[in-house]
Amino acid sequence: MSSQFGSLFKIATFGESHGHAVGVVLDGCPSGLAITEADIQADLDRRRPGQNRLTTPRKEADTVRILSGLFDGRTTGTPIAMVVENTDQRSHDYGDMQTLYRPSHADFTYDLKYGFRDFRGGGRSSARETIGRVAAGAVARKLLREACGTEILAYVSQVADVETTIDPLTATLEQVEASLVRCPDPEASARMEAAIDAARKDQDSVGGVIQLAIKTAPGGIGEPVFHRLEAELARAFLSLPATKGFEIGSGFAGTRLRGSAHNDLFHGPAGHIGTDTNRSGGVQGGITNGEPILCRVAFKPTATISQPQKTVDKNGNEAVLNAKGRHDPCVLPRAVVLVETMAALVLADLFLEQRARHGLFPAR
Amino acid sequence: MSSQFGSLFKIATFGESHGHAVGVVLDGCPSGLAITEADIQADLDRRRPGQNRLTTPRKEADTVRILSGLFDGRTTGTPIAMVVENTDQRSHDYGDMQTLYRPSHADFTYDLKYGFRDFRGGGRSSARETIGRVAAGAVARKLLREACGTEILAYVSQVADVETTIDPLTATLEQVEASLVRCPDPEASARMEAAIDAARKDQDSVGGVIQLAIKTAPGGIGEPVFHRLEAELARAFLSLPATKGFEIGSGFAGTRLRGSAHNDLFHGPAGHIGTDTNRSGGVQGGITNGEPILCRVAFKPTATISQPQKTVDKNGNEAVLNAKGRHDPCVLPRAVVLVETMAALVLADLFLEQRARHGLFPAR
Amino acid sequence: MSSQFGSLFKIATFGESHGHAVGVVLDGCPSGLAITEADIQADLDRRRPGQNRLTTPRKEADTVRILSGLFDGRTTGTPIAMVVENTDQRSHDYGDMQTLYRPSHADFTYDLKYGFRDFRGGGRSSARETIGRVAAGAVARKLLREACGTEILAYVSQVADVETTIDPLTATLEQVEASLVRCPDPEASARMEAAIDAARKDQDSVGGVIQLAIKTAPGGIGEPVFHRLEAELARAFLSLPATKGFEIGSGFAGTRLRGSAHNDLFHGPAGHIGTDTNRSGGVQGGITNGEPILCRVAFKPTATISQPQKTVDKNGNEAVLNAKGRHDPCVLPRAVVLVETMAALVLADLFLEQRARHGLFPAR
Amino acid sequence: MSSQFGSLFKIATFGESHGHAVGVVLDGCPSGLAITEADIQADLDRRRPGQNRLTTPRKEADTVRILSGLFDGRTTGTPIAMVVENTDQRSHDYGDMQTLYRPSHADFTYDLKYGFRDFRGGGRSSARETIGRVAAGAVARKLLREACGTEILAYVSQVADVETTIDPLTATLEQVEASLVRCPDPEASARMEAAIDAARKDQDSVGGVIQLAIKTAPGGIGEPVFHRLEAELARAFLSLPATKGFEIGSGFAGTRLRGSAHNDLFHGPAGHIGTDTNRSGGVQGGITNGEPILCRVAFKPTATISQPQKTVDKNGNEAVLNAKGRHDPCVLPRAVVLVETMAALVLADLFLEQRARHGLFPAR
């Protein structure tokens, strides 16, 4: 079990779906950054269930409490602990989970690995685990905004077979938040809504893709060879529940191009060297080049569905699972802030690492 | 610069394209494992240039020398240092690289990050850096084979627009090695060869996809929440040069399915619980479930092409780059062993971590 | 600021003297270990102020709350978060601390490092920070007891000029806890009490030495070359407030012996190889040899004293500090559990690391 | 086995006494630092055997070869690999080591931990392992000198019962190197020489203490709470072979003082705040305060002596060991550079960490 992430901007998350509380300890945040609970709450509110009819009807306020690390409204450089109490814990909803393995969930593998598990609401494998990440990510986002002017934006670009084809660089936070699905393209958003509604009606679920678009990334970030930015992002995103894939820049589609069509040609002038195209996705050799960072994350359809499903119990006996809990027919709208969170945590960490060494012995 | 990888099976790689040597120090290998230089050389030979007409004509023997960590043919539990001297260093081939930024290479970003760079042959951003990884990976593979019976196999499943549709679980090492492209499907292999030849003839390059298929993975491997197996694999693969994407199990395509079609249903009997399908790719909740591990890695077309390309020099002045070096029109055949290497390093690391805690306090 | 400790049994502590709460997140504890809040509270009670007339008169219940990581009374293998709310926060006691630098405290260096500081009660540099360590240490102790039968005992062996000369291996927990000073030698204990009382009467403070004695240490623990057991212990103890020195086995006194007098000679029989003497302190080459682990930690006299002291304010202006807070004239009685805590954290971590690799490829 | 050290200035050492080579990979050195092999060799020459009649008569040139990480005489920011081939390997000198456990050596514990060991010359537990450290430490020293003007000096302050009482701040490198014992006090040096000669004549060995004195330490270095400077130094020094103790500032002797006598009082003026005394040893709350860093490291007498010693073989049978190898009757003169090395590695690492965050959000 490794619930620690980051080298210089380090988090340790904790908490299960139906335990007393979930949260995070953030270690390594520089001193002097102005932070309030409202800064944290804003991102938590984008993650929490019950936001609208597309998400699970569970109502959880998810109110954050900052226990340490602030003084006079600013970070002191000491660990920032943030906790959200678990309040809505109707555990009777999850009766079957105690005895049956839910398909494409982590019930079986947790038993395999740990010998037993907290079966209430998925325990640690519940998406509720991500609350601590989001709280720490809110601090990372503020750090990046204040230190580099970097804004991190993600949105839903595909749900089931519905895709938007807008230019990621044109999307705005307002557009994203104006959509129930968190897709900035109103036409596609409407069709995505319909796809989600249809799945719910069929007691089924859908998956999709989230696009990340960071327009104002600082250059020089990323630590070759193993901590290339794309490697750290890939790991960060694939650590989110329900993720199945990652691509940066041209991604899988780019594998079909020839080099002459794929290469990003440079242009000047000096001090403003850039590339004509951005199939690299803002990263070359693992290091940001100052162009926008563009990547995409694949989320599978929600594993919990209301239809009866064939499965087995712990002893391998065949059984039928009838899931009764409240769940999202599509996790993507609520996962947008998770993708932003992980990107912020990665960038804040690598930004501090770059700062440790950069400019110490200037080039002659 | 972070050239260290792994927590319990830890490697530190070093070396540039045209420096004195490249290599690795592997720390944390358990004692008692029988290892010879031949074990290492076998994998290095699959990586080295000049294997056949599809790869770069550079001839480098890449002979490994084990400097430490073995006694009487077995690992002692102390660090294993392995070095390959650089011999074929025709640095005059790379004249333009000193002044011009090669498109979609790391020249510009290395200058941005480090202030200057070793421009000979790409320096540290050269694929030659991967030699140390392969050497350590060979030890990881042997460890996994001896300890778990795990065999790691990868192959080229797509080059440009040519794809094989074989079932990954039917591929064998013999089939893979019998193909110049390292595609176990002879028909697709022939068409891939043709695509590569055509690109070379056009002074161009092609990309593609490598499929990983681990049929005999141990269960219980992977450390939620941040060191889920898929997260560690994603990071590992995206740390390889030229990679642009990763997917596991159903991947991006799976995002278009509904949950009812995507979920992997369980079957018994007890002690042999498995899943009817494997869209999860062998991992649920970040932990292996004993089903085969299946994932895919996207490689962009080789950035170095012989055609003239528009670019700029360090001062932002426009220029035309005429690359003269010897290079691969397609990196995938030589990258197969790199994908296997990274998978082995990840699995060995997580296997040791699982071993640290598993079964200490058996379930009542 | 690095408040994370351990590699496989990893803790992240948080909290300031006068913040909302202090605590810890413990990641990496194996599943299946029976733990209750009472197990944790027992060690916290040995650390808390107000235990008796020798310690600070501050009364703080320091009641622990376990937020996560347990199910059905056992660890699940997921992070264990433990929190103690801060209740007795009479911050008006510490007025001068806002403007003046307390001699031999961390006020000046925190300002130097972080730009400003939480001046209430010493903030993060307060000994209150150690609460999280003790809570996690209680879990480590239980793990070691259940897994290896290892009991960790420390006691006060010196206060000011008063020393006990008892054999550390004869000390018992009952004897230690029967003494207000936590010295198992009644005669020395009485003289130590007198020394502390005299210091308090003089508005002064005293320091001393704590002896660690682990009689039942497992063999083979410690990871050469940098994570030798003595190196990890030294770091752990020197991370405690007020510590100034560490020695293991013969320590500084042993530097005056010749090799012929210092070496620990081996005796048999097979399977029970041991040493006639134990100047090594239970560790050879950084690895435990099965003999008792014996080391000593030096604590300086409490920096806070009630006498007026010359100092400066933040602007360098001369001033006189009159400390009014409640404080311990001698930290050692309450620090005994801290030494035990750090030893337990180190041993649990290295025990898991040894478990990861040991016996995988048995010697032929 | 953990042969990696440091977080941002990271080393991985390798090599056994009688393997092919020993060395190090240094990762994380900032780019642009001018380094030559001569810089490294200078420190290696202070470590190597055969320097004069006080050290082992083994002659080993210990010539370093830098394999990577430099270009045009400067560090590129990529890993710096440095290797020293083992040349003088008269393994027939060590015959008994194959079967008998040498008292107070690591033979028994290596067998216990790893199942078997490289018995030639002590294998990895040989002091020869420190060569890689010294090579990396030479780079750290140059970094600290160029970046902070910090000079690191250590010297032998005690051998057996002979102590020097000079003020550590008066010692110079020239004085230290002018003494065969590396004690800057000529009178004490002569008596130390005599003590060593007497021990050798008696086929015996002596131990002692090394004093570290860093006069020009930057302020603000050290990461509370677990990476306090004294904690990192203690760990670093106790990771050296033959060390038994560490103390900083007033150390063990300071435990006998009262607080009023021990506290370091502050003086101004602003911008030049300092302390009248330095019992803190340059560190308060784990962070450097700009005063000199003063600490001491205890080394036991050399375990290898030429006298016959009682011991056992692997099967527990009693035996008599007659060590025939060439060895130092006193390790301290050659260990001075090791203490400097570890101090440099710790300071460089913590200096980079401080640089990562300091001044990012300046105090208002």
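Every chain is named by a letter (A, B, C and D) in the order it is written, and numbering of its residues begins at 1.
Going forward, a contact is a pair of C-beta atoms (placed from the backbone, for glycine too) under 8 Å apart; a residue touches a chain by one contact, two chains touch by 3 or more.
This is a predicted model, so every value here is computed, not measured.
**Q** What's the farthest chain from chain B if centres are computed as the mean of the Cα atoms?
**A** Farthest chain from chain B, going by C-alpha centroids: C.
**Q** Would you mind telling me which chain pair, A-D or A-B, is linked by more contacting C-beta pairs?
**A** Result: the pair with more contacts is A-B.
**Q** Let me have the rounded angstrom distance from the C-alpha centre of chain B over to the C-alpha centre of chain D, please.
**A** Roughly 38 Å separates the two chain centres.
**Q** Hey, how far is the Cα centre of chain A from the one of chain D, in Å?
**A** Inter-chain centre distance comes to 45 Å.
**Q** Averaging over Cα atoms per chain, report the distance between chain A and chain B in Å.
**A** That gives a centre separation of 26 Å.
**Q** Can you pull out the residues of chain D that are in contact with at least two other chains?
**A** In chain D, residues 1-4, 13, 28, 31-32, 74, 77-78, 113, 115-116, 124, 224, 353, 358, 361-363 touch at least two other chains, as defined above.
**Q** Using the touch definition up top, name the residues of chain D that touch chain C in the complex.
**A** So the residues of chain D touching chain C come out as 1-5, 13, 101, 103-106, 108-110, 112-113, 115-116, 124-125, 129, 158, 160-161, 199, 202, 204-209, 219-220, 222-228, 230-239, 241, 243-252, 254-260, 262-273, 275, 279-281, 283-290, 298-305, 307, 309-312, 315-318, 353-354, 358-359, 361-363.
**Q** Quick one: which bits of chain D touch chain B in the complex? Just the residue numbers, please.
**A** 1-4, 10, 12-16, 19-23, 25, 27-28, 31-32, 65-72, 74, 76-81, 83, 113-118, 120, 123-124
**Q** Quick one: which bits of chain B touch chain C in the complex? Just the residue numbers, please.
**A** Going by the criterion above, the answer is residues 7-8, 28, 30-33, 74-75, 77-78, 146-147, 224, 352-353, 355-358, 360-364.
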